[in-house]
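Below are two complexes that have chain A in common, paired first with chain B and then with chain C.
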Partner chain A sequence: MDAVEKANAERQRRWVKDQKVGEGTYAVVYRGRELATGRKIAIKKIKVGQFKDGLDMSAVREVKYLRELQHPNIIELLDVFSSKTNLNLVLEFLDTDLEMIIKDRSLVFLPADIKSWMAMTFRGLEFCHRNFILHRDLKPNNLLIASDGQLKIADFGLARDAADPGYKMTCQVITRWYRPPELLFGCRYYSTAVDIWSVGCIFAELMLRIPYLPGESDMDQLKTIFRALGTPTDEEWPGHTKLPDYVSVGQFPRTPLRDLFTAASGDTLNLLSKCIIFEPRKRISARDALYHPYFFALPYPTHPSKLPKTAAQTAAASRPPDEVDGNVDPGGGAPAGVGKAAPPKKLKRKLSGHDLSRNIARKLDFTAS
Partner chain B sequence: MSTNRTNAASWLRGTTIRKGTTTPATRSHTPQTQTSSSIVFSGGVKDGSGRTSEYFSMDDQCPVCKSDRYLNPKLRLLVSSCYHKMCESCIDRLYTLGPAPCPVCGKTLKKMTFIPQTFEDLVVEKEVAIRRKLAKEFNKRREDFPDLRSYDDYLQEVEDITFNLINEIDIPETQARIAAYRKENAAFIELNQQREEAYVQALKEQEEAERRERQLRAEEIRRAEEEERDAREGERRALIDNLENSDADAARLVAQARAEALKRAAARTAAAHQAVFAQQQETMRLRAAQSAVVVPDQPHVPLLDGYYAYEDLCGLRSSYFDPASDAVRRDKEGIMRAGGYRVEEAWERALRYAVAGLDITPPLGEVSMPLPITSRVDADVAMASV
Partner chain C sequence: MQQQPPTSPDVSSAAKSPLFQSSTQYRNWRFSVEQLKATRAALNQASVAAIRNTFESDSPGSSSDVHFLDANEEHLLVKLYIIKISQLCGHFRFPEEVEATGITYLKRFYLKNTVMDWHPKNVMLTALYLATKTTNHPISLESYTANIPRTNASDVLDLEFLVAQSLAFEFAVWHAHRALWGIWLDIQDLPQAPPHEELQRIHDTAMQHIRTSRLTDVELIYPPSQIALACLSLAHPEIAAFWARSKNADTALEAIESIKRTITRDGDTPSVDVVREIDRHLKICKNPEKVVGSKAYLAKRAREEKEAELKRKKKAENVRKATEQGNPFGEVLVGQANLDDDD
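The block that comes next holds the complex of A and B.
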């Protein structure tokens, strides 16, 4: 065993894999635990070698971007190790995703709940975009929910850096129902605005409780969009008829959003409409969205801990609360400004070799692209 | 000294310490701890889901019988009240017939008092146990003190006591201090324990209420769907009856039935909307009642970090000499514009990568030299090379 293999074996031993919890396009996800602390984690096992070049690009991308992005609303990558022909990503464990919550018909969503989910989504996305990373696969199923209610953007398998000038990007990204019209028209030069369209569709889905624009094929997707929002004119979206795969799918009149979203407030519809503007340059940015009046209007966004939970989540949470009888800190939480009686360092459970270098901001990364 | 030692240990080992609720069912989640012993050892430190996570290492070896994990893959080491480790079969062998001395230090031990090991370091194990025990009574909060100073003194006192117990210093005097505190603060201790219980209770009630609400709603949905199905079936039958018993034009009858069905469906949808609205009201009331005890909602804060609070050290020009972006500028058809691509974004990214971190002191202490960049840099970056 050489040094690299040894280091890898050591990392692998830190984690225990339990049962399978999910399957995606190129990976199987297992529940697991950290051996030393018992903390629940998820192991995303990516089969490599099934692609010509050996290592699947998706796996590389996912590792690259997750290593660089640290934010409360982005899933945390704890470790990476390889086993046989697999690459294993160790991720924080998350109980459920937004799709399951939307589909659980027994749950009632208050307007304040939707506001809370949207704020968390935009915060995570703003962080990606601020670092010039496009997610390119936003959908309810990739927005995972932690036990404390925090929403985390996951599945960076399709993410990439915003392209350098003159470089084409593939338009075969984003699950169809959440794909913006510029990608459906085959555009190879696009921007962060593609993610905003997806968020707009998710926003609408949270209100409707069913997918907003469920096209049956790529062509039908365009029709579905235009049926809902009207066929764009060249004035509304200059140049779109020149895009590589442009086709005319017919003229549809514009119907006001109000007709479908009968109960939504004016602010709500204003923000929604700005997420699904045809012309990508006019679409609102994640940062501007966070400053939209919708978020400041009453009701306040629901505190994440009180957001609707699926039955599985409630079951997980109703196990005995952590350490009711074992509050190690006699002060009941370390009070700020009281440095005098800090508990000794050795009390912390051993988190063997937690990689501190990961906390250095992306801004320091000179190696990127 | 040896009597002090025993005192500390027995005080520490009071019945409350083994409050573990670990049942055999939850134990099965941690396969490597499948016990070979006749009794289930509980206690230890629990994780977020209430499970005990035992310390486990391939290097484990029983100090008494020397068997290790290679000899016995099911080896499980437990910790005695004197903080000495031994394996389950040694415990069975030595203590099944009743109390017997510890093979290491001679202290009299009983089988029931062994607990699982949570931490690699037994000193930490002991410290955690002591702190847990103390925290039950030393449970005052900042609000219980008139000023920060007295709160600080209290924390210091707790630390002193903890330190003494861990290191087995002045045990009788320390015990006396604890007793004095207990007597003086009986009311406070009781109150804070009640507060804690009330909080746990409130959480439990909230979950129960949510569960009930979900159940009710599921039932309602089922009923509504049933009604809808019945109604549709009724309409269909009425139409068939009509067609059989009337001489009127069939096409007209069908159209008429369809129009009526549509009207009824619309009425049902409106009723359903009304029901959803009523439900939201109810949920809102329920949650409002709970939020008093649990967590209040907070006004929106757009961003949680101060990323944009820093002044940029350099600015972006309106244009750069950039052969690579020629393709974009020659975009006569407006294809890139139509797709939302902005060359300015690429420039900004290149510039940020180039200058980011320049004013951060490198992490190596001795060789670091603060860089004298405090004013705006008019960075002129050749984009082609980035």
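The block that comes next holds the complex of A and C.
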């Protein structure tokens, strides 16, 4: 075998694939572990054969950026290997995402909790922007949460380098509810400010516990935004009526944020309003946001380990690490002949990742002990 | 505290900042001159030994008359294909970024592979196509191959995984031409700055030197900011010195002297006759295991197929055992095994 193929095979052997845990648009995600340490990991398997242009752009982007970015608030790419026609990204395993936490009605968010999530989001984003990288798909579902409560920006499938001034980019990015008005108007020269708008929407969603600007179509998205924030004037946002896809969707009056966010502090609303300024050049930068008085005022941000957790997270944390990560047979997804274990143990592992089966597996655990 | 907003990047200082120092390029793709030489020599020796072995096991004594390429000859051949990448990019009107990245990929590939296994005329096509994607200038494979004579889709795609693997999936590259752009922006603000037209001329000349530098090893040895400064210095030494002093980087001026020497020494186009001779040898000494349809190729495929078959059997056996032992969740296990079957 060639040295390069051999190195790939060696890398592949370090990781064991266990249970399917999620499905993205172009990939299947498995829970797995590092063979030597039992450390929990995720394997994002991207099918390559199905694309007529070879390696798919989302995969290329994700690998390119995650290979370079190392930061506590950005998901860690531990390894990459290929197997036949698949590309496999080995990622740190993350228990849940911000969307699930927001939707979990049993959880109560304190202002300090929201401040903590916002600080972690801005820290990760500031690092991206400092590296001239635009994420272009920020939303609660792509902010994953580690078992220690750390928030990690994930899913770099739409990311790109911040372009040189005057270089055209596609405006078909960012999930609609989090998409800024300049993109909805077809602006092809944009900046890091597009991500800031998305963060503003997430900030509002954390307070409201429902999406802040849920438009039903691209046109309705503009209406939804202007209904909430007022239709921009040419003074507020010079030149916006000249943008390629500009349409007038009606005149809506500006209502103070205070009317909707009744319990929020002045600092909170000040930072929120700076994230969702119409004129992109006036929107706050991630760097400046981190120095905003909001983050220095009381209450201080909750320590990540003390943040609200979903039931699934608590369950995962309360199980002894041995049962979750223990020395069990790699089974189906692993290279043949890497150790053997009795079937009951194997069964337990196979089931523990399935939400449905989790209770059964837990019961079996008790009878076994 | 007021700091440089991330929307207006200061490219020149970025090239020396910790950002570059945490990049995969800084960590994994920088070598000393000696390291490069040793790496290539070792790779060449190991490759020759392996190919000789294949020849001999096919028919003993058959390798004795073969002229295998040495590391130098390999390097010259790759250099020729760097030039071909540039020609191709001119034809496609690809941006500078694509061209520079494709060339970097080709160079890095041959730090892990030998031309006797994979001919650069094929690898070049894949490296460049991959570069269009990693620099976010994708074009369809169809229009790519339609514009290159005697090339079909599989010529490009068959090697894509191999190239990506050889690059260790490290796709991001920091280029000297970007660093030059940053320096050039700085220079315009210097009190000593010459009039605009002259500045433009200096930039264009420096850019020519940067293109020449791509034929050499400097990007595998020095950071892009130093290469850019060296090229500026080749174009206009005084301006380069002004800039360095304005940045309190006088020591950089000494460091770039060896870059300038290397570019001047190694930036020439290899002689066609010499490369033709190398290619003639290569026809005979190339690895028969990589020649589709050859005896050695088929033997290797049969070996691999046998191993895969063994693996599949073992897997099926494991599943059968688990089911037989009355495991109530046998179904789940079987389903699971099927799910992973394509690995």
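Rule of thumb we're sticking to: the second predicted complex is superposed on the first by the 317 of 369 C-alpha atoms of A that agree within 3 Å, B and C clash if a C-alpha of one lies under 4 Å from a C-alpha of the other, contacts with A are read in each partner's own complex, and residues count from 1 in each chain.
Methods note: contacts are C-beta pairs under 8 Å (C-beta built on N, C-alpha and C of every residue); 3 or more make two chains touch, one makes a residue touch a chain.
The structure displayed is predicted, hence computed values, not measured ones.
Q: Counting residues of chain A in contact, which comes out ahead: chain B or chain C?
A: B
Q: Which of the two partners, first being chain B and second being chain C, lies in contact with A:250: first, second, both, or neither?
A: neither
Q: Contact-wise, after the overlay, does A:3 reach chain B, chain C, both or neither (first, second, both, neither)?
A: In the superposed model, A:3 contacts chain C only, not chain B.
Q: Quick check on the superposed pair: does A:263 touch chain B, chain C, both, or neither? Answer first, second, both or neither.
A: First partner only, chain B.
Q: Go through the superposed model and pick first if A:39 touches only chain B, second if only chain C, both, or neither.
A: first
Q: So, A:286: does it touch chain B (first), chain C (second), both, or neither?
A: After superposition on chain A, A:286 lies in contact with chain C alone.
Q: Would you sort A:194 into first (chain B), second (chain C), both or neither based on which partner it touches?
A: First partner only, chain B.
Q: Touching A:67, do we find chain B (first), chain C (second), both, or neither?
A: second
Q: Would you check which partner chain A:82 touches, where first means chain B only, second means chain C only, and both and neither mean what they say?
A: In the superposition, A:82 touches chain C alone.
Q: Is A:132 touching anything from chain B or chain C once the two structures are fitted on A? First, second, both or neither.
A: After superposition on chain A, A:132 lies in contact with both partners, chain B and chain C.
Q: Just which bits of chain A does chain B share with chain C as contact spots?
A: Of chain A, residues 126, 130, 132, 161-162, 191-193, 287, 291, 331-332, 335, 337, 343, 346-347, 350 contact chain B in one complex and chain C in the other.
Q: Going by the contact rule at the top, pick out the chain A residues touching chain C in the complex.
A: Residues in contact with chain C: 2-5, 7-8, 17, 19-20, 48, 52-55, 57, 60-61, 63-65, 67-68, 70, 80, 82-87, 126, 129-132, 160-162, 191-193, 285-288, 291, 331-333, 335-337, 343, 346-347, 350-351.
Q: Which residues of chain A touch chain B in their complex?
A: 13, 18, 33, 35-40, 72, 105-108, 110, 112, 115, 119, 123, 126, 130, 132, 147, 161-166, 182, 187-194, 237-240, 242-244, 262-263, 279-281, 283, 287, 290-291, 295-296, 299-303, 305-306, 309, 311, 314, 316-332, 335, 337-338, 340-341, 343-344, 346-347, 349-350, 361, 363-366, 368
Q: Name, in rising order, each residue of chain B that touches chain A in their complex.
A: 16, 19, 21, 29-30, 45-56, 58, 119-121, 123-124, 127-128, 131-132, 134-136, 138-142, 148, 151-152, 155-156, 158-159, 162, 196, 200, 203-204, 207, 210-211, 213-215, 217-218, 221, 273, 276-277, 279-280, 283-284, 287, 290-291, 294-300, 302-304, 307, 322, 324-328, 333-343, 345-346, 349-350, 352-353, 356-357, 360, 383, 386
Q: Considering only the defined contacts, which chain C positions touch chain A in the complex?
A: Chain C reaches chain A through residues 1, 3, 5-7, 9, 14, 19, 22-24, 46, 112-113, 117, 129-130, 133-134, 136, 138, 140-142, 153, 156-157, 160-162, 164-166, 168-172, 310-311, 314-315, 318-319, 322, 325, 327, 329, 332-333, 336-337, 339-340, 342-343.
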